[in-house]
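Can you read through this structure? Questions will come right after.
A, B, C and D label the chains in the order they appear, each numbered from 1.
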Amino acid sequence: MTTPSLKISFRGTEFTLTVLAVLAFVVLALTTHGSVLHGDTLTAIFQFLAVPMVIGLAQMAVLGVGQMNLSVGVVTGFCAMVTAWLMVDVGLPAWLALLAGLATGAAIGLVNGLIVVLTRINGFIVTLATMTIIDGLRYGVHGTATYQGYSPGLVRLGQGSVLGVPTVFLFAVLVAIAVAVFFRHVTVGRQLLASGGNPLAARLSGVSNDRSLVLAHLLSGLLAGVAGVIVVALSGSVNATIGDDLLLPSFAAPIIGGVALAGGVISVVGTCLAALIVRLVDVAQAQYSINPDWVDLIVGAVVLGAVLITQLRGRAAT
Amino acid sequence: MTVTAEKLVKKFPGVRALDEATLRLAPGSVHALLGENGAGKSTLIKIMTGVLRPDGGRIVLADGGEAHFGGPHDAQRAGIGVVHQERNLIPAFSVAENIALPAVPQRFGFVDRAAARALAKRCLAQLKVQLDVDRPVSTLSVAQTQLVEIAKALAVDSQVLLLDEPTASLTSDEADRLFTVMRELRDQGHAIVLVSHKLDEVFAIADTVTVLRDGRSVAEAQPLADLDHDEIVNLMVGRAHAVLELARTPVDRTATPALELDGIGTADGHEDVSLAVRPGEIVGLYGLVGAGRSELARAVLGLDKITAGTVRIRGEQARIRDVGEALRRYRIGYVTENRKEEGVFLTQPISRNIAVTVWRRLARAGLVRERDENSLVATYRERLGMRLSGPAQLAGELSGGNQQKVSLAKWLAADCDILVIDEPTVGIDVRTKAAFHELIVGLAADGLAILLISSDLPEMVTLADRVLVMRDHRLVGEVDNDHDYDRTSQEVGRLLHQAR
Amino acid sequence: SRNTVHSDQSALSPGQVKVALVPGGPHPYFQPWKTALQQAKTDFKLGDVTFNETSAWNQTTQNSVLKSLAAQGFNAFGVFGVSPDTINSTFGDLRKQGFHLASLGSCPAGDTDNADFCLATDVRQAAYKAAKSAIAAMGGAGNLVHLTGNKTDSNTTRRIQGVQQAIDETGGKVKLIQTVTDIDTDLQTAQKAVADLIAAKGAQINGIVTTAYNPAVASAAAVKAAGLPVKVVAIDDDPTILGDIKDGSVTASVVQNPVGQAYIGSYALSRLAGGCAMKTSGQVIDSGSFVVTRDDVDTYDTQRQQETTQLRKDFDDKYLNCPKA
Amino acid sequence: MRRRIWADPRLGLLVVIVVLVAVFTALRPAFLDVDLTIVPIQSDLTVFVVVGLAQLAVLSLGHMNLAVGRMAAVSAFAAGWAYDKLAVPLVVGLLIGLAVGALVGAAAGWTIAATGVNSFVVTLALDFALIGLVSLLYSTFSDGVAFHVAPAGMDILRGDTFADYCAGDLCGPPIPLVVPIALVAALAVGVFFRNSRLGREILMTGSNLQAARLSGIPTSRRIIQAHTLSGLLAALAGFLLAVTNGAFSADIGGSFLLPSFLGPVLGGTLLAGGAVSVLGTVFGAALTEVIQTGLNLLQFEVEKFKIYIGIVLLVALSLDRLRQVLAERRKQEVPRVPEPVEQKEGVA
């Protein structure tokens, strides 16, 4: 079986982004005299890449049906808090708490999706409202205080590595592969993209757009939950501020990665590569001691630049 | 399988699209569903395929049971397949996946791509179409998407197949292949419904006919053999339809051409295209799909790049950068061929759709009054016989033909000297078509210079003073039209197919 | 302009005084305000008290919270202004309408305070102390990093100045290699910034001084996890930080006096409502800051209580002008 | 033209607003306190209506402006700088601010029109860039993060209501002086999109870019103009906020983004483009403000407060949907002229 989408395209967004990422890495390595190639630095880069990657995928899942999910950030924070609460205050074993954290994310996503379908209110607005609600719930768990000292085993696992690769990053990669397989090979995943690409055509072909919408939101919530448990395992301490800075990055990754806002076209690889590029900007800031004001300027330029380059390459190709 | 749609009623704001319409289908026959634009044909088909729910009436299946379609899926399961009037494909998906979409072959919840591709290949082969099934649909031409759409309907094993204007954008070759498949299916006992405005093809293939007029069935499942062309038209129109003789005013061939192309080459590949259209003249531009006629028009209007030659307007050399400049400075209008994508604003009221080209003229101190727009609508509603519930109705709610009228009306309103009209009557019913023809001739009589692009040869012969034939982006000859169909069509055919 | 006087400016009995404490938003720093406020209510027999942290770090929201509370009948406010640059206008409005106001925990930017008084940490001084103790822990030489909060907050500017002063006093023996701002927004951002910093410069860093909560939590955890010999000085005494001091991952924390701010602030407000006036309107009063180390982690609160008692005395003796009873 | 009033989304909003005001007043009579509730609500509303209009200006195209807040911030910086360093009068500073906002908006529009990159991406990138820029500007040109200036008239504009102006015994209503500014802006934007050629051509561009181009509309110019208008209105909102706050500071606009969408979208403006509702935007902003103030008066703890605000929003929106469904049913019964107001459903 030959799958056309597996062919490597030298014109696609993924290729451009790969070149960009490699280039950025080489420049960083050269100008810091190899500092970024140092084990600790690499570990830090990839450990903190896991969450931006997964959160980008969470946004991508709903962009696939032409929706947006403004609640991804707060859901991540809420799931992290719930997981920690279950371990610290309820005393559940870590694995059970993690599962509950994931289930919480999925449940919130399901509710988002159901509201969108039942009320026909635009998902942007629905998730704006649920974002506000979850933001409140996030503080309801433990107020402003920080959870710490839960399951040392989990934290050891979260901060550890396998063959030099941080476990959380490996986990994120597995999640990304699962998401890619879902959208490429699983029937409901394809139907979801069909709904996003042309809802009327999908409906006329017997695809339930409502089901696609609910499913996309559910997946988005679940992935936000995944990001939440990654935070719990990686950082060893969580509080209600977790997730505050995730909303804009959640959009930046898929959009730079070539995902269409209109729906129907997604790119898992592009989203992950874009997350990496944005992450490299952070790293550059620390390496060169850049004033954070400049970092924002740079991120702005990188976002626009990456998209422009892809666009221009795309245009040149046709 | 017999299916009967009995006394279906469907109400839309302002209209009863169906008013107790009945359609009886018998296995082993091709059934033509005819009617003017807006008669309710597509609505009937949408109800029979679960897309719309009727406000009255019922659908009875073979076993005498009443069907209640909650959605397209239910109709599909009941064995009813369909090709809708509008294209409905997923742009980013491959041909194979689009064809397989209504019944995705799967294993354990995973798409079985091999099976999907095999299915797609089989359906395309049935239509004798060569197409890479892995190509994304977004890269296909209009005709190709139409073919994929038909293949998709064949993919579901249905006993009843409803085809809503399937040949509108097909070449006659492609249409013939479709008819062959339709005959095969008929012979296997399928019931097939064909909606078409091309009566020739209806007579060529259909066995029985139902005619809709204003949502009512004025002929129900009559054998087509009992009727002739004129009788059908009279049924559709509701009165004796006189074929009008269009009186043409002779053109002054010595006058300065209103539009003149001299040795034009374009980025799209046109070479050395020269032509002239004089005031009062209708110059036809004929060719097969893909010959480059629309592209030439687009280049003249500044939408594509001109790389060689000169354009002269009323004798003056002109550099047109965009449609706005064409309209305002040179008084050229362009009636596009794709009304849905380029011609009308589906989500906007009809008034704005028509007034968009003349706001500059209507505006007082930059402000436009609704009253002025509405009177424009009244004018063209009358003049073009548009069926609409009011100026505030959204263009998207109109039937295809009426949308086409809106698209033309905006250029008529703009009061141009030169009109480029691209495929004006695709999907337009006979009466409207005649009215369009009358209109175009009238415009020429008023002194407009008209460049008419059409793939409808009879239309060319009816309207054009001269027919230019384009092939592979070059003009290959010119036929002076004496309105004798046989002679002109032979001439044109010769030019079209002669060896180079 | 609007001159309607809402709160009766004649002397109120304590039972008529209703105090509302309004922090900038939800933050661990303000949690002690709740209990201190209740204590004040009992001790000073206040009519009613409330603690409202719904401002969500948004000045417009805080303004409407304040007006809503006023409409509810609260007549004395202790406010941590979200935006030190604009809070004075809000104070001015409320003052005009006859309410009593204290800026608590943070003073408005600039030299004037339209509130009756400001009772807050001298943040410049506190940052100076923090940097000093970090430098001491580093042995008086080496490289220091400063992690802090929102750059558009004038407190941040003051803290940067305080740290710089301590650095300058070492005569070049300690170098400030980086000041990282804007990482107090959320914990994960702080964690990421600290991880990157340690990865890039871990070997050069001898000390980290943090003057915001999330960076403090993140630095303590990161240094502990990496097993680096870096001295971390944290801020405040949230249980997490105290735990870090006890287990040695944090060398010291500069503790402020939120309890004193809320308790004494409420006291002074009730006195003002009772007919007293500030001798100097808009007076800035330091609520004190204390360096807490492992040695005094269990006892530092005594010192704070003493200082708080002293604060009350100072109000009675130095700051307030009260009619003789 | 006959219009069915219940089919108008704005009516639904008005009903929800009235009901909420009644409920809040019953629970907390202080809701009607003139100085502490009515007047401040109007001042806040002034800012948020203009913020909503700034977003609406590009929603007309089916675009988004994620940099509304930061456009307001740079404009406020420019105005503050002019007051501080050039000591210009109030109006001149305002004009400078507006010009800067318009310019930044035009730059965004130009980038979008010239490159064809999605507006979401361009304004997202611009937002990042401006966050950094604003901060750098303030740290270079001011004493850190704000200009504390009060040009003549600013305090009056900030604090006064018409009730402060009396002719004999007759005083004006308790309406802040800034309110007419927002009203004029709303009216102007309304007329612009409803009646002006330019505004209508922008809407047509939003409705179908290709068809607009082929109808002779200079679409690139219209895109730039819509974004310019957005920047201009963002600047006005920034100025109004600076005036209400009393200082031109770096954090102006920091919380504009969500309200900018709430007003228009609650008011029935689609994200898809081609149709806008100015009156709806005013009502949408008013609804948000009423909910916020009402819940403030009810004094919830922070987490409950947020939860309730979200729930009330959802309920308000769902009620509006219910009204639409009912209106649609009636529409089926009575043949009527359909509204040019749009209802796109399902996958957006």
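Keep this in mind: a residue touches a chain if its C-beta (ideal position, glycine included) is under 8 Å from a C-beta of that chain, and two chains touch if they have at least 3 such contacts.
If you want to know which protein each chain is, UniProt gives these names: A = Autoinducer 2 import system permease protein LsrD; B = Ribose transport system ATP-binding protein; D = Ribose transport system permease protein.
Bear in mind that the values here come from a model prediction, so they are computed numbers and not experimental data.
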item: Identity of the chain that, by mean CA position, is farthest from chain A; value: B
item: Chain pair showing more contacts of the two, A-D and C-D; value: A-D
item: Centroid distance [mean C-alpha coordinates] between chain D and chain A, Å; value: 30
item: CA centroid of chain A to CA centroid of chain C, Å; value: 36
item: Intercentroid distance (Cα basis), chain C paired with chain B, Å; value: 73
item: Multi-chain contact sites of chain C, meaning residues that touch two or more partners; value: 26, 151
item: Residue numbers of chain D (touch at least two other chains); value: 135, 139, 302, 305-306
item: Pairs of chains in contact (touch as defined earlier), listed by label; value: A-B, A-C, A-D, B-D, C-D
item: Footprint of chain C on chain A - complex, ascending; value: 32, 35, 38, 40-41, 43-45, 47-48, 51, 77, 139, 143-146, 148-149, 159, 231, 234-246, 282-283, 285-287, 289, 292-293
item: Touching residues (chain side chain B, partner chain D) in the complex; value: 11, 13-15, 55, 303, 322-324, 326-328, 334, 336, 341-349, 352, 356-357, 359-360, 363, 366-369, 389-390, 392-394, 397, 410, 414
item: Residues of chain C defined as touching chain D within the complex; value: 1-2, 4, 6, 25-26, 50, 52-54, 56, 58-61, 63-65, 67-73, 83, 85-86, 88-89, 92-93, 97, 109-110, 151-154, 157
item: In the complex with chain B, residue positions of chain A that touch it; value: 1-4, 185-188, 190-191, 193-194, 197-198, 200-208, 264-265
item: Contacting residues of chain B [partner chain A, same complex]; value: 49, 51, 71-73, 76, 82, 84, 88-94, 97, 101-104, 106, 109-111, 113-114, 134, 152
